[in-house]
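These are the structures, in structure tokens.
Paired with chain B in one complex and with chain C in the other, chain A is shared by the two complexes that follow.
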Partner chain A sequence: MATRTASRRAVAWIAGQGWKHLLLLAFGFAMLYPLVWMFTQSFTPNDAVMGRAGEGGFTLDNYLDGWSALGVSFGRFMANSFLVAALSIVGNLVSCTLAAYAFARLEFRLRGPMFALMLATIMLPFHVTVVPQYIVFHQLGLIDTYVPLILPKFLAVESFFVFLMVQFIRGLPRTLDDAAALDGCGQLRTFWSVILPLCLPAIGVTAVFTFIWTWNDFFTPLLYLTSPDKYTAALGLSTFQDATGLTNYGALFAMSVVTLIPVFAVFLVAQKALTRGIATTGLK
Partner chain B sequence: MAVVTGAAGAAGPAGPAARDLAAARGRRRTRVAYLFLAPWILGVLGLTLGPMLASLYLSFTDYRLSGAPSWVGLANYQRMFTDDPRFWTSVGVTARYVVLSVPLQLAFALAIAVFLDRGVRGLALYRSVYYLPSLLGSSVAVAVLWRRLFSSDGLVVDLAGTVGIQLSGGWISDPERALDTLLVLNVWTFGSPMVIFLAGLRQIPDELIEAAKVDGAGAVQRFFRVVFPLLTPVVFFNLILQMIGAFQAFTPAYIVSAGTGGPADSTLFYTLYLFQSGFQAFDMGYASAMAWGLFIVIGAVTALNFAASRYWVHYGD
Partner chain C sequence: MAAHDGAGSRHTFPAAAGAAGALTRRTFLRAAGAVGAGLAGSSLLAACGDDGGGSSSSGGGGPATIRFAFWGSDDRVRRFQEAVELFHTEHKNIRVEPEFGAIDAIETKTTVAMAGGNLPDVFWIVGPLLPQLGRDGHLVDLSTLMGNGIDGDFEESLLLSGQVDGVQYALPHGLQSIGLFANQRVLDEVGVEVRKYPEAYTWDEYADICRQIREAMGDQFYGTDEPTYAGAPHFFRAWARQRGENLYSDDGDLGFTEDTLRSWLEYWQELRDSGAAVPPQLALEQNPFFEGAPMIRGLSAFHMRNSNQLLELQGLTEDELTLMPCPGNGGDGVSAIGIDPNILGISADSANQEAAVEFVNFLLNDPKRAEIVGTTIGAPATQAMREHILPTLSEPEAEFIEYIDFEATAPIDPIPPAPDTAGAFQDGVTLAMEELAYGRTSIDDTVAKVFGDLRQTLTG
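Up next is the complex of A and B:
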């Protein structure tokens, strides 16, 4: 009797909302299955034929092999990536908040044209500037340093974030600025003690996206870094693939998983900020 | 009235001094603003506009990083257009990638967003799950995974085999199919436009949809007559954004082909060929010409999009 009502309830659920959930869950599973597969393969011995997720035994050897397969360990690559990402976050936060405050709140000549220029640079493909940039960094002897990776962030080249901050600051009531001015605050004080604390949500979105973009960035490190002990995780992984070719997929997958973990962790912690961030600004 | 004249009278004699003061304050304010903007201005001049002009100049030269650039006039462009089959291959590959993968990706994003929009509980969870690939899609790790998924002994061939479809070998090593794997990868990252669609859908007032229902419009009609027209600005926004992004895709093609653009140049993205010309052959002049070509094409396509948008994008009221 109990099972009959239970099954009847299940049927009713499926007929109502349930079918949607079943469909959405199945679709989500299919989408994430490649990632799951990679994850399980990274724990599967190499001699087991490539099977589905969960087949073929369990081993940690792939991680141990992969970690030190190249002359430089993956720990080093990861540390390098963290360093570059951290400095990039600092750079973007400093330069973009400063510029955004000026665009959103200060009066100055050329404000209109400069703002238009800032918007235009959002759409500019970076390939247009990359050749001369490379030449300049080459002539300054900065190839194989982190300067070409980090300097652009301190100069607000990622104007996405300037735009994001401008939009955010414009949403803050101007009476706050006026009150601060009445209390005798200069622009810098107003910026630092009044506006900036209120910008925390936008700052969070900027920091999270800067982290993910910098972490995933492959083109810039590929261009500028030449000695393996300076490689970032993305470049290290690509080098690893070139070195092992198609022979050691277990270890290659293991290291792929390792390089994805930080992005995944940020995603778990900050998913609200992420989805809100792209919803308002259209970031990738 | 008296007060006003009084004030005006008082301002009269002090006029020039006050004006000086105001001007000085204006100058000071401008100076402060430029201080705030200093990093951005340096970046725009030193890392954006300056390099753009430099690459325009370099595109008319032969420059190999050692020695001085030597002026060759239009030779680089001439070579591009008339004497370099690989250039045209890369144009074709990129065009196919942009034209096929972006609409597919957006269609997916929109379909799922509409399905999720009203009355599904646990929306936040689904949204997050579907969004995750967007964050990972441009990483080396996922490109490595993709290469494996579609290889001859990879998961896709395996799964297709179990449901009775016999795929002849892997797609990655097949010049006819290799680009398709990258299309699939781009469609897989439909999550970020989906989130934007969801935000747009939430702006559509319930009354409109209810009114359409009352008038007897079915679900399909409601979508095409009410929802989609109201959503066209968001569709347009996503289209511009994803197209510009697709033109610049690089990492997946590089990783899947180990930097070659193969097999048989079938994944030779424009950006990948630019990279090979500039930073492997160190033909900086030619790479600069290619960069300007890309810039002009993206600009033109975006302008075309804006021009065409007049005919299908409806801005409120």
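Up next is the complex of A and C:
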């Protein structure tokens, strides 16, 4: 009797609200499945990976092999990636906030056209600038250093973030600036003490996305880094799958998992920071 | 050009200065100084990442440093790192810095470095890039160095692969060709005899055998996979060469007739229709090579692919595999054989060309390096090296070496070099063949497409 009412209740729940939950669960599983698959394959012996005939079971060999498979430890690649990502974040935050403040708040000649020009660079295909940029850095003797990866971030070339922050700053009430001016703040003081603290959510978004994009960037490090001990994690990973030979799938999956961990961690931490930023600034 | 671009990148500065217009000049300068300090810090950090000795010039009488770029996954990377260590013990005055990555990544990198004038001193050349590299003066003419720094006795037919307009810009360092892999267990079960050089199946015999296998093994098993849509164009080249034609002509146009292409497409259509060839739906469930090859997946008896893969393929299956010549390439058809060596060259911009030459000579002719590298990038290019490593090799590797040794020393007709545009052309052909295999187009349309649009791609 009790079970019958329970099952009847379950049916009622599904018919009412429950089917949405079930649908979401199924959808979530479909999205997660590739990750789960990669995760389990990374613990499968290499000759049984990808449904090959070999003996199954659980092993950590993929991680041990992959970590040292390329002569340079994968930890070195990860450390390099961290260095590049950290400096890129600093660069983007310093330059993009300053540029955005100027476009949003300061009056200067040709502001409109310059803003349009900056927006146009978002539309400019990346490939157009690759070769000229490479030549410049080559002439400066900066190939095989991290400068070509980081220097552009200090020059606010990521116009997407500039645009994001301009829009954000435009949403802040001008009266705050006026109040600051009455208290005797100059532009820099207004920027630093009034605008910047209010921009925390935008700053958080910029930092997180800069991290993820530079962490995952393959093309720029590929072009500019030549010695293997400077390679980033993305470059190291790609070396596991050369089309002219066997792919070391086990090591590839294992190192992919390792490479995902920082991105995952950053997202977990940043999620909290983002919501807190929005809550404390009292916006929207 | 460089000065121009320098001005371009400074474009951001007027904007920053404009922003400062409303600030006082002093605060702006302070801010600019802070940014500048940040930059200086980052370049310092970059310098720290440099484990010393990173400069590519040999200033101050230190060891000459050369960059060496190659492609491959972890196993090959380790072999070449070991080979470079060996080179260092024999040449104390030269430092070799290896660079590696997947082949498509290396191709991209080479293209950009070529435009930027920053090619590695010694590098493996992705075939389609050779004509441009040579004609634009990026490579050292190696002909004067042959026998004069670079030793080795190379077959004339192999040297051809490194020539552009008759100039020897590159040298072969690893030989590969096409071959017919077979699952020996299936052949024994069905009672099919193996043919090795100098003999080979004819194409008609091959079709009969595939049908026979299909009949004997039942509905879920096929005779062969198809080189057509799988992107193995050199089987068609063999077909054309056996008819006295070629894939490309000497002037960079198509080297075969419409009839030859049509007969090739009809041959495979017939094999598909009779169930002798694996259906494309099934074959293309995975990348149809290595672990995804139908033969490895237990779907077919034969696999048509590059002969140097025998060792890797053997490692993927319990059944014994064997390597046979491409149909039609035996007996009187021997002159139709084609070899496609991997090639390497020396950058014309290299500051240490003597060191580069010494290293190239090591790569091509050092017996110990040949042992270390084995057949991972194909067979050594000289017979002397092939004979040297033969006793050290595993059984599948030895079978491959004997196979390619016959081909390398066979009296083969010269192969006209592929034009620069061959890559785009081949991609188009592979797609067109896939459309045909799925039955979305007809043979006539496919022939018309190859001789229409795709020929345009080739000749520009």
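Keep in mind that, in the parts below, the second predicted complex is superposed on the first by the 256 of 284 C-alpha atoms of A that agree within 3 Å, B and C clash if a C-alpha of one lies under 4 Å from a C-alpha of the other, contacts with A are read in each partner's own complex, and residues count from 1 in each chain.
Keep this in mind: a contact is a pair of C-beta atoms (placed from the backbone, for glycine too) under 8 Å apart; a residue touches a chain by one contact, two chains touch by 3 or more.
Because the structure is a prediction, the values reported are computed rather than measured.
With chain A as the common reference, the superposed partners chain B and chain C clash.
In the superposed model, A:Ile203 lies in contact with neither chain B nor chain C. In the superposed pair of complexes, A:Thr244 makes contact with chain C only, with no contact to chain B. Touch criterion not met for A:Ala254: it reaches neither chain B nor chain C. By the touch criterion stated above, A:Leu32 is placed in contact with chain B alone, chain C being left untouched.
Contacts of A:Leu155 after superposition on the shared chain: both chain B and chain C are touched.
Of the two partner chains placed around the shared chain by superposition, chain B and chain C are both touched by A:Phe108.
In the superposition on chain A, no contact is made by A:Ala270 with either chain B or chain C.
Of the two partner chains placed by superposition, only chain B is touched by A:Gln17; chain C is not. Contact with chain C, but none with chain B, is seen for A:Ser227 once the two complexes are overlaid on the shared chain. A simple residue count on chain A separates chain B from chain C, and the partner touching more is B.
For chain C, the stretch among 76-84, 112-120, 202-210 or 382-390 that collides with chain B in the superposed model is 112-120.
Put simply, chain A uses residues 50, 52, 94-95, 98-99, 101-103, 106-109, 111, 114, 118, 130-136, 138, 151, 154-157, 186-188, 218-219, 222-223, 235, 238, 241-242, 246 to touch chain B in one complex and chain C in the other. On the side of chain C, the complex with chain A involves touching residues 1-2, 5-6, 8-9, 12, 15-16, 18-19, 21-24, 27, 31, 34-35, 38-39, 42-43, 45-47, 49-51, 54, 67, 69, 71-78, 81, 97-105, 108-109, 112-113, 115-118, 120, 290-291, 312, 315-318, 376-377.
Listing the residues of chain A that touch chain C in their complex gives 50, 52-53, 69-71, 80, 83, 87, 90-91, 94-95, 98-99, 101-103, 106-111, 114, 118, 130-136, 138-139, 142-147, 150-151, 154-157, 186-188, 218-219, 222-223, 226-230, 235, 238-248, 251.
Across the complex, chain B meets chain A through its residues 26, 29-30, 32-34, 36-40, 42-44, 46-48, 50-52, 54-55, 58, 65, 112, 115-116, 119-122, 126-136, 138-142, 144-146, 148-149, 151, 153-155, 158-159, 188, 192, 195-196, 198-199, 237-238, 241, 244-245, 247-248, 250-251, 254-255, 258-259, 271, 274-275, 278-279, 284, 287-288, 290-292, 294-295, 298, 302.
Put simply, chain A touches chain B in their complex at residues 17, 20-21, 24, 27-28, 31-32, 34-35, 37-38, 49-52, 94-95, 98-99, 101-103, 106-109, 111, 114, 117-118, 121, 123-136, 138, 151-152, 154-157, 159, 162, 186-188, 191, 212, 215-216, 218-219, 222-223, 234-235, 237-238, 241-242, 246, 249, 252-253, 256-257, 259-260, 263-264, 267, 271, 274-275, 278-280, 282-284.
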